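In structure tokens below, several structures.
Look at the two complexes coming up: chain A is in both, with chain B in one and chain C in the other.
Presenting the complex of A and B:
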């Protein structure tokens, strides 16, 4: 039972991360390898907000989300827009370069020291006992709630909101969308901003639950595995991909060796790429083959 | 396909002229000058900077291998640091378990690399672009963690020391001896690389880069040549990894992290993807710049307070330079060199009548 709970929490965390990859991929057809660094950057703004405001989670979270949205928009306007139309490889390389730049900036601003934002928060709702002997902490409960809310919220947003419909149009055929009068640059900037906010939410949770430091970018990078397994252009696919990756990771850590769990997402990914490269719910046309 | 053949130069009238290595007086002049400078360089360099030059020469081999895959064949690979690690660990394992001599470990690493390249290249038969990039990145993490497990099991996690190598009775212990050995190796690798590019292999790889479907229609077996490209590139990469291991004298998995991958990507991007000359320039740039920054910071009292931040700033600077090249000059240093050369060639005119 507690094993299932651990898997659920990990899957929820991966869902939050994976959604960012999917949002960006749908907009600009780029795999954002800087996502982990955006996550760290946002989490550090949250930490700074906590320190400055004297422990107010709401103020810190709002500051972090605003900062992340601005960062996402800025990345699109300054890097991704000029690179539009280049081969996919160029976009991937650009995000790698962006990632190390962001990481370096984070370390220079906040130093490479490991922080524990949870110390500034006090008790976050305490814990709940689900069944006798199985309890879930406040942060873990929030992670699961946030993941469910994010999946439902983003799906609903894409179905109903005007901007969301624009995003779907861009994801389906960017040239047609532009011809029909959709402001694709605004839509893409919004997508990047939303993805950066998702990364920041994941980063806040991770830093509250575990720790915060420039080295946790690796955790954020692993989030592309669930996105690819679920299908890079599928929102609901992320949840399933996250569940598969989380299960592989937790089970490997429990039954094989803790070190194996570090590569478990990538091993699952290699198998998935071999069997079904376009992902479980991804559209098959995405994959051009010889 | 000569060293400079991507540059605007004279029109060629026969296939033999087109595939000549040093085709114009200009190219011959610069090739001889470059070789002369390379031979004389240790005379003016201190021992430390000769060491930097040696690391640069090894990096040139690794970068040429990466360029073969990414620049020539157009297959993106994010597993380069993992492949270098595989080569270095091959050398270390052969020395630790079998006491193999220097001269045996290098071909062994190249052989392991060739096999590894086929394994990693297999997904490339089904996957393209982004999906291929991801599968090579996943391979990087799998290789690194696997080697980390091996290191933990054999050397209790501390890494492997391998002594200075000896070649034909001569111990290559000083940086000076390393320099001339590595210079010879780089020249041979460069010659091999250029020969690949001007024969059927290179033509097929370039055709696949431009459009694989068209290449298939021309009768090129795309699957075979893609695997050959992966195999050749990874073999050369592992060879560079073995050289790295012997030159550094100590192999530990921590050295082959994401940062090394980024360094090699920076070399080929800054140099100019697809250009042999650019790759060499990019490798020199990427290897020497960090040392220049460190030296500059040490000399400037104002910046001394930065301390450990310098390393971080170096990495960040790399990222910014890579981004600037990707956005502003996708043809890299080779592209800049090409424009400068065209300016002098055409002066006092500005445009030429033909496309190079």
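Presenting the complex of A and C:
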């Protein structure tokens, strides 16, 4: 597999993760540190769906996405909504507590045993040749397609759908949006639900590629740097941020040492923040408001 | 007068309750277990923690050791040195435990060992905790005893490198070896030693790398291995590292052999991945050996509601056997000093989980190490042992690959 393709796959995966951060930040200005745990919880629902349905990917994916949407909405209604009006830091701290709670719940429900959902969906694992000598696995191809679809889909949704327009309104000016009759709590709940779905999609892919266990929550944090680099309130910025982070990671790992791959994205992030603190496509006004 | 009598009675009853409390304290063995129950390394350690908890619960249900119940305090260190330091303080200073069972990454050892030396508390490395490289040498910590499944990083190489060579010879491959570690000191030490041994055996080591534990993806590192031309990869690391690297290699079309040391989930991993070229080389028996003890573990797991498979629980179970033997040897009036001495006198038969009985001497605090290897057999659709057992004494092992 060529390095470019590896970078593209990695960037697509980070895009899926980063979009979750952006969706929540745009709506509530909260940096969701439980994103990784939501990812794991959703992926476990997918695994459970696979086991229960005898390996039907469609059933399992639908179950996982529905479960994730409900979980996201529930998190907003039960935890984040009561904190509206408090400083943003309170909300961020609440997501830390939420993450620990979800992690424990996952371990209690599904135990700490490592699972390999790919075992149930072998046909996705088979690769196919793009050009002579360059092949891509089924899961990797799906990751790229999913990321492209997510960027286009979310952008269109924000432009065209009534709820999407409402989300933009809330992102730009909550007070004004409320005065115009937009149900900001419903919009925020939709944002949390959508972010949980994005996290779950990323979790499903990671579990199909590598493994699934309550301990993989840290993978979810990998979407944070791309979102910051691209701009915390920018959907298209995530894709560019993800590409930069993925390139830094893969190239450092390939040509310097794998240990450097963990540091490289954060070095890039430091430089990016120094040059443009609000992110490449982020809005300067938003940063000042934070 | 009546008031004085009431005060006296109250005072006496208070004194009696304090004395009763002290007597009760002597009627239990207080043991601490510190382990990586959560965090990135937890898949390799949590099953052992669950299993030793289960074993000691069963032991208490049967009346304890020497008729004394065991009061076990479990604390999570998340495989973080800072957490281990606070656990050591809590267990050794505040709770005054008789001994600490440590079931975590080697990065947590330093604070625990320092506290052990200061408080003269024996520390048993249990489950899959790796034995320090100096445990058989004169500079070993006299209070640290290796009871875990993973012998020191130097010993493991004496088995694993000849195993790689034997497999390559068996399959007629021209061996080009890549070495993979987790980015933690003892794992790196393991592959450094393997590199030296590989040179002795004339094996071409074409790549060597340490992977960070928290990496979301290792595709770049995998590409480096493929570019090096390696057809065999061997790792001495937590299973999470091995699985992540193997997955990245396979996704890129690599079809070579991957030989890993082992972990709590080694057998389960083989069973779930069904990759016929993934080899685990443990120092203990997998459940495919059908030993009666595995039936006991399964029964206990059912009884106590532990949902993990028996093969992931066997090492923690054997750790419980070691603790029980040590406490029995120490006697009903066990102290830290007596326990440290008692550990030299025990000989623990783990019913075949470890092929050799566990024993420690003043010279060596390691466990006798015998190795074998298992892989997924596509014909029988089951995990199968692929080599004979081999005892390793610091010489390169003679590996016999089975047909």
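Methods note: the second predicted complex is superposed on the first by the 286 of 290 C-alpha atoms of A that agree within 3 Å, B and C clash if a C-alpha of one lies under 4 Å from a C-alpha of the other, contacts with A are read in each partner's own complex, and residues count from 1 in each chain.
Throughout what follows, a contact is a pair of C-beta atoms (placed from the backbone, for glycine too) under 8 Å apart; a residue touches a chain by one contact, two chains touch by 3 or more.
From a predicted model like this one, the values you see are computed outputs, not experimental measurements.
Chemist: Using the superposition on chain A, decide if chain B and chain C clash or fit.
Modeler: Superposition check on chain A flags a clash between chain B and chain C.
Chemist: Check the residue A:103 against both partner chains and state whether it touches chain B (first), chain C (second), both, or neither.
Modeler: Both partners, chain B and chain C.
Chemist: Scan A:3 for contacts with chain B and chain C and give back first, second, both or neither.
Modeler: second
Chemist: Counting only touches as set out at the top, which of chain B and chain C does A:180 meet: first, second, both, neither?
Modeler: The answer is neither, since A:180 touches no partner chain.
Chemist: Give one of first, second, both or neither to describe whether A:211 is in contact with chain B, with chain C, with both, or with none.
Modeler: second
Chemist: I'd like to know which partner A:168 touches here: chain B for first, chain C for second, both or neither.
Modeler: neither
Chemist: Scan A:251 for contacts with chain B and chain C and give back first, second, both or neither.
Modeler: It touches chain C, and chain B stays clear.
Chemist: Between chain B and chain C, whom does A:274 touch in the aligned arrangement: first, second, both, or neither?
Modeler: Touch partner of A:274: chain B, not chain C.
Chemist: Go through the superposed model and pick first if A:262 touches only chain B, second if only chain C, both, or neither.
Modeler: After superposing on A, A:262 lies in contact with both chain B and chain C.
Chemist: Taking the contacts chain A makes with chain B in one complex and with chain C in the other, which residues are shared?
Modeler: The overlap between the chain B and chain C interfaces on chain A comprises residues 103, 107, 112, 259, 262.
Chemist: If you look only at chain C, which of its residues touch chain A in the complex?
Modeler: Per the stated touch rule, the residues are 37-43, 46-47, 50, 183, 209-212, 214-221, 223-224, 239-240, 243-244, 247-248, 251-253, 265, 268-269, 272-274, 307-309, 312.
Chemist: Which part of chain A faces chain C closely enough to touch in the complex?
Modeler: It is residues 1, 3, 6, 9-10, 13, 103, 107, 111-116, 119, 127, 135, 137, 139-140, 206, 209-211, 213-216, 218-219, 222, 249-254, 257-259, 261-262 of chain A that touch chain C.
Chemist: Spell out the residues on chain A that touch chain B in their complex, using ranges where they run on.
Modeler: 29-31, 33, 79, 82-83, 86-90, 92-94, 96-105, 107-108, 112, 224-225, 228, 232, 259-260, 262-263, 266-267, 269-270, 273-274, 277, 287-290
Chemist: In their shared complex, at which residues does chain B touch chain A?
Modeler: 70, 74, 76, 78, 123, 125-131, 133-135, 137-139, 141-142, 145, 148-149, 212-213, 216, 222, 259, 262, 265-266, 269, 309, 312-313, 315-320, 322-323, 326-327, 330
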